[in-house]
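Listed after this line are the structures, all set down as structure tokens.
Both complexes shown next keep chain A, but they swap its partner, so chain B is in the first and chain C is in the second.
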Partner chain A sequence: MKKFNVVGKPVTRQDAYEKATGTALYADDYTFPGMLYGVMVRVPASHAIIDRIDYSAVAGNPAVTAIVDHNDIPAQKKVGPIKQDQPIFSWEKIVTPGDVVAMLVGQNETELLQLRDKVSVEFTALPVLTDPLKSMDPDAPRIHPQYENNAIVHYPLRKGDPEKGFAESDYIIEQTYTTQFIEHGYIEPEAVIAIPLGKAKGVKILGSIQNPHTTRKVVALVLGLPLTKVRVVQAEMGGSFGGKDDQMNILSARAAVAAVKTNRPVKIRFNREESILESYKRHPYHMHYKVGFTNEGKLKSMRIHITADGGAYASMSPFVTWRTVVQATGPYEVENVFTDVHAVYTNNPYTGAMRGFGSPQPIFAQEQIMDEIALKLGMSPLQIREINGFKTGSVTASGQKLDNHEVNLSTVINKAVEETNFVEKWQKNQKDNADVAKQLNFANDSEANQFILTKDQLIAPDKTWRKGIGLAASYRGCSLGAEGIDVTSAYLSVQLDGSAYLLCGLAENGQGLRTTFCIVAAEILGLTVDKIFYLEQDTAIAPDSGPTVASRSTLMGGGAVRNAAETIRERMVRSVADEWKVSADSITFANNTVSSSENNKSVTFADACGITYKHKENLATIGFYQAPEVSWEEETGQGSAYFTYVYGCQIAEITVNIATGQVYVEKVTAVHDPGTVLNLQGALGQVYGGVTQGVGYGIWEEISVHNGKIREMNLDQYLLPTSKEIDDITAIFIEGKDEHGAWGAKSLGEPTLELGAAAVANAIQNATGTRFYHNPINLEEILLNRKLYPEDLKRGSL
Partner chain B sequence: MKKHIKFLLNGREMACEVEQNKRLLDFLREDLQLTGTKEGCSVGECGACTIIVDKLAVNSCLMLAVQVDGAEVMTVEGLMENGELSKMQQQFIDKGAIQCGFCTPGMMMSAYALIMHNPDPSVEEIKTAIAGNLCRCTGYKQIIEAVSCSCGK
Partner chain C sequence: MIAQFEVLAPKTIQEALQLISGNPRAKILAGGTDVITGFHQGSSRFIDTTTLIDINHIPEMHAITETDSHIVIGAGTPFTHIVENPGVIKYFPLLAESCSVIGSLQIRNRATIGGNFINNAPCADSVPALLVYEAKIRIQSAISDREMPLADFLVKPYKTQLKPDEIVTEVILTKFDDGYKGNFYKLGRRRGVAISRLTIAVFGKVENDIITDIRIASGAVTPIGMRIAELEQKLIGKPANDDSLKEAAIELGKIILEKTGIRWSAPYKLPVMQQVCYQQLHTLVFGKE
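Let's look at the complex of A and B:
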């Protein structure tokens, strides 16, 4: 392998100084002279026809500079990435409690917040649809009357002959799994400011925005302006995880409409309650798996039915669920597969992109099934995965042959297993904990809410804490795959003093992409990272590179930055070789100098830039990277879904208190093959953060809805993992070879998140002898085998 | 109604007029333009607004500005030492404890308050001290390392 100077070494983040000193500016840290605030007016309903909105109680109030609603929208009133079903301001119907009918705009936000309840909205309530499984019933309430039914999308995948496969199986397991709504939980709530620039220039948007180019498109559509007249600048992002996409487009559009109407800057900032109320969530899935396998442990057939709750708007559901249909069978060879994935409308909060993007849910199901199969056959979880796991040359459920990259599934699994002494511990726990199932089962036998134990259900104090270890593995398609157009560009401009500007169209969301891209450019130009200055994200400068999603930025953006840097390097080589009359091959770039081995000359990088300039070569360029071809047959779900894949395995070691149901996570060992690691410290941070989110998904986090309304409205009820929840996390990288991107650096952000819940679920089975099918596996789930929800929306202490 | 208050802010004496019902967090961010202190939940759960008042880490979203009358207040802006990064800030940078950075100011304030009282805390003590500061990005590991390495020699 090539020896690197900068790649793979610990490098300090580009933005760390500002963030460590409190001087980094996030959207809400900006104020502008004459700035107004926008405050949302909502309707206390989940599904209703809007009959009349009466502003008379607030219209003349001096605190209200303007009232903005759908009548103020000059062009398109509804938007959406795939289906244009989401109004900027609702006027016909309310389809979920987050919907906004109007915005009060004025200088004093506090006064506006008190006034907004005075707006009177007359509405006719409609039946509320909350169960996605009922959404396709003939008499189900129709959420969007313009569509024939409540279907958002349906993806079939058909391979082989599943019935024949079941006939050839010795065993069949059938099971239903469910997962919950999840809040992104970025610590910075949404904030955006729209600044009117006058007729000739349009409007500038500054905000906590994940995909500035998408926001620009939406705002331009809503205002009826050309793209060039909407300039979107990204403020420092206080986390996103997929969550500051659609929601920020809508908020930016509202602010922009108000800014144009009042001709003043308008800021919208959400408090935590509004953020949870209106922003989209991770999809809850209802998953039915039927799996046939032989005595030898070979998978023969899978039949999978998945329904995803899309909530009130389509948002990214069609993309999210497409990843699900591709990956639903896991990293295993299965000859015969029948998969149906549906996403449907309900009146629940809408769901969209969140880190993981349609993979954490099927992994929760399918990785538990693999363990079930192992238990049934008396094998270990390792054995069953060895028998069925992908190897180089394996064929996926969509018929894609994995032969263009190193398939490192067994490598990552074996590494994790060795590291933790998995098999031995798993077998010992399985034996030690054989008695627990009986004790936990009392809730099933007894009446609901009747918690009196019989004698044999009493737990001796020294037997309360039970150890468990669980494993989960996955493969993941990199970047967008056949979901979308997959290209990126990067702008690189080298200055005569040897420093350089760099900017890629992908966005920094806190994950550290600026640093990673600087590393790539520095490596190629032989510079130290501090010579490269990463510009702030601005749609007026950066070329549109598609969305910063799908863990594609290192792979795709890295490819574009590499291309730009190589172009500049070639020009410099040409000029310097010509100047010195040496061969181009003899020229090397390292440590901010350019040298030739032929004449043993060397000059500073800055001087080499001077030489290049003298030779009339352009020191600025736009690099481009295009993903290789992918393909997809809609009717059969067959094709090369993604151009390359990554592999990961996580093992969770836990203790369960079987008297209280509490799960304590002692250690998570995460082994990932992200291809080449460009930015070691950043990569470690991705693993630690992803594992923590994954474990949170498995044990504590849940948004529950009551008639479409969310119960957990702030972080007192929505439980994000704290510093005390996980004792330790170990990260190990296996760097598999791949020809794509920058030196084969692929994806890491999402693979780290998708495995935690499944690994914990398997560990809980190992500790309790009981399998739990409904995420999150919290105290109630373990003790009572069901969730306990309040019967209304009252907060605990209120 | 306004009230006159005097207090020490990051080592500087301050005398201000402040609305009696103004939250300390808003007073810092809006009146004094110290936007390093962040707001994430407004109910004392996330810790993004943590500052130090009389050597104790507090949630500034849960205090009124008038409550710091006569007190000694420290915010993230007061961490620098003679224009240089303090040891803790440097450690946060070096250990990769900062991703999006939104939790960072509050996190450093909780950690700094801990070290004021306990110059050589154990990992468990560090975890407890920052348990009221939520971070969604880092999984805390590099933060704990950074705090650990900011202590002692």
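Let's look at the complex of A and C:
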């Protein structure tokens, strides 16, 4: 492997000082002269026809500078990445409680918040559809009457002959798993400002925006402006996790419409309740798996039916569920596969992109099934994965042969297993905890309650704490795959003093790509990272590089930055070699100097820039990177879905209190193969954060919905994991040698999140002898095998 | 959203008492962890408040003093000080423990012991420990000065005997003889910043294998933190064996069911309260493994 000067070494994060000292500027920190605020007007309904909106109670009020609704939209009134089904302002129907019919705009936000309830909206309530499994019933309420039914998308995958496979199986397991709505929980709620620049220049948007180029496209469509007249600048981001995409596009469009109407800057900012109310969530999945296998543990056939609750709008459902159909069988060879993934409309909060993007759900199901098969055959979870796991040359469910990259599945699994002494612990726990299943002994009637215990049900303190260890493994396609065009660009401009501007079209969302990209450029140009100044994200400067999603930044952006830096380097080599009359091969770049081994001459990098300038070479360039070819056949779900893959294994070690259902997570060992680690501390941060979010998904986090309305409207009820929840996270990187991007650096962000819930679920089985099928596995799930919810949404403290 | 209000910052208790006297729209601001969030939520309990009297500048309000027989804690003492106080740790360990698991460190640096029981949420974590220690509180106004057991002060959720012109100034704890032992258990959904699902404090004495004194207090599972006197009476004088403890735990379930009726959380909380009660009594009587 290449010897690096900067890559893989700890470096100071580009934005560390500002963030640690509280001086970083987030969208809500900006104010502009004459700035107004926009406050949302909603309707207390989950599904209704809007009959009439009466503004008379607020129209004359001096606090209200303008009332903005759909009538003010000059061009496109509904938007969406695939289906244009989501109105900027609703005018025909309300399809979920987050919907907005109008916005009051004025100088005093507090007064507007008091006035908004005075807008009178007359509406006719419609039947509310909350169960995605009923959405395709013939008599189901139609969410969007312009479509013939409530289907958002259907992906089939057909491989081999599943029925023949089941006939050849010695055992068949059939099981249903469910997962919940998840809130992103970015620490900074939504904030955006639209600034009108006059007819000639259009509008500028400054906000907490994940994908500035997408926002630009949406705002331009809504205002009927060319892309060049919508300039989107990204403020510092307080977290996104996939959540500041559609949501911010729509808020930006609302602010822009108001800014154009009033000819003044307009800010929209949400508090936590409003953020949870309107923003999209991770999809709840209903997953039915039927798996056939032999006495020897070989998987023969899988039949999978998945229904994803898309909620009120299509949003990213077609992309999210596509990743699901590709990866639903897990990193295992299965000859015969029949998979149907459906996403459907309901009146629930809409669902879209969230870190993981269609993988945490099937992994929760499929990794538990692998353990169930092992238990059924008296094997260990390791053995069953050894038998079926992908190796070089394996063929995926979509018929893709894995032969163009290192298939590190067994490497990551074995490393995690060795590191934790997994097999021995798992076997011991399985034996020690054999008595617990009887203790939990759920009533068959799920509603039957036993309030008063009998003496023999009481558990002595020395019997109450049970150890469990659980393993989960995955493979994940890197970047967009066959879901979209996969190209990136990066702008690099070296200055005559040896410093350099860098900007990629992908956005810094807190993941640290500014630092990672500076590392890539610094490595190639022989600079220290502090010489590179990363510019703020601005659609007027950076070329559109597609969305900052799919754990693609390091891979795709790294490729573009590398290309840019190599271009500049070649020009500098040419110039310096010419100046010194030495061969190009003799020139090296390191430690802010440029040297030749031929004449033992050395100049500062800045002087080398001077030489290059003198030789009339351009010190600025735009680098470009394009992903290799991928393919997909819609009808059969066959094709080379992604051009390369990463593999991961996480092992959770827990203790369960079987008297209370409490789960304590003591250690998570996370082994990933992200290719080359460019930004070491950034990579560690991804693991710590992803593991914590994954465990949170498995135990605490849940948005529950009652008649379309969310119960958990703030972070006192929506339980994010705190820094105290996991005692120890051990991160281990297996560095492979892929050829893509910057020295084969691949994906890490989402792989770290997708395994936690499944590993914890398997550990809980190991601790309790009991399998739980419904995420999250919280206190009630463990003791009662179901969830409990309060009957009303009122709080006692009010 | 917070409307405008006046904030006063007296330097002495007397000054604070004068300020609150005759001003029914004034409220005391100690840590602010209930008051400020209450404002934000538009809570009916704070809707009429126009004045906040900040007691943080009154030294006596956050002093912990120890004598041979007592520890007196200023009602405005933040939990962090209580958790770190050697006298509290030595003589009232259940209080130290229960205060140490409230909210987060940042919350414990602000939130006060007095605020915990004056707010009187069902889940106030320090209350069960204070109840088994039979804490008394001192309540002052410009014209009165009275003491009462904390148990009598707590009326119902978010309601106490505090009158509009009064301030709770002290929590008074009487030391116990060496024979007493106790345990506290808090069950939350997560480890950090957890609102209790249930809490229990048990405190008592076993002599010659007989339970000669026992105090049991619950929180979060009952409408407010409270002693379970009926259960204590049944247990006192019983042999300190597994069977008595099991009977007591089951009895507790019945008593709580009687007090609270079947709430949405009952299918979980009632059985778990019996488990936790049994385990805490078990540990009290037989010691830790």
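One rule holds for everything that comes next: the second predicted complex is superposed on the first by the 785 of 798 C-alpha atoms of A that agree within 3 Å, B and C clash if a C-alpha of one lies under 4 Å from a C-alpha of the other, contacts with A are read in each partner's own complex, and residues count from 1 in each chain.
The definition used in the following text is that a residue touches a chain if its C-beta (ideal position, glycine included) is under 8 Å from a C-beta of that chain, and two chains touch if they have at least 3 such contacts.
This structure is a prediction, so every number in the text was calculated from the model and none was measured.
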{"item": "Chain B or chain C, by number of chain A residues touched", "value": "B"}
{"item": "Chain B versus chain C as contact partner of A:780, first or second or both or neither", "value": "second"}
{"item": "Touching partner for A:723 - first (chain B), second (chain C), both, neither", "value": "both"}
{"item": "Contacts of A:113 with chain B and chain C, given as first, second, both or neither", "value": "second"}
{"item": "Contacts of A:684 with chain B and chain C, given as first, second, both or neither", "value": "first"}
{"item": "Chain B versus chain C as contact partner of A:12, first or second or both or neither", "value": "first"}
{"item": "Partner chain in contact with A:732 - chain B first, chain C second, else both or neither", "value": "neither"}
{"item": "Partner chain(s) touched by A:28 [first = chain B, second = chain C, both, neither]", "value": "first"}
{"item": "Common interface residues of chain A - those touching chain B in one complex and chain C in the other", "value": "716, 721-724"}
{"item": "Contact footprint of chain A on chain C as seen in their complex", "value": "1, 34, 38, 41-45, 104, 121-122, 157-158, 187, 189-193, 195, 197, 242-243, 246-247, 249-250, 253-254, 257, 262, 264-268, 270-272, 274-276, 278-279, 282-283, 288-289"}
{"item": "Residues of chain A that touch chain B when the two form their complex", "value": "10, 12-13, 15-26, 28-29, 184-189, 236-241, 271-272, 509-512, 681-682, 684-685, 687-693, 714-716, 720-724, 726, 728-729"}
{"item": "Footprint of chain A on chain B - complex, ascending", "value": "29, 34-43, 45-46, 48, 75-77, 79-80, 85, 89-90, 92-94, 96, 98-105, 108, 126-128, 130-144"}
{"item": "Of chain A, residues touching chain C in the complex", "value": "110, 113-114, 449-455, 457-462, 464, 659-662, 664, 699-700, 716, 719, 721-725, 778-780, 783-784, 788-791, 795-798"}
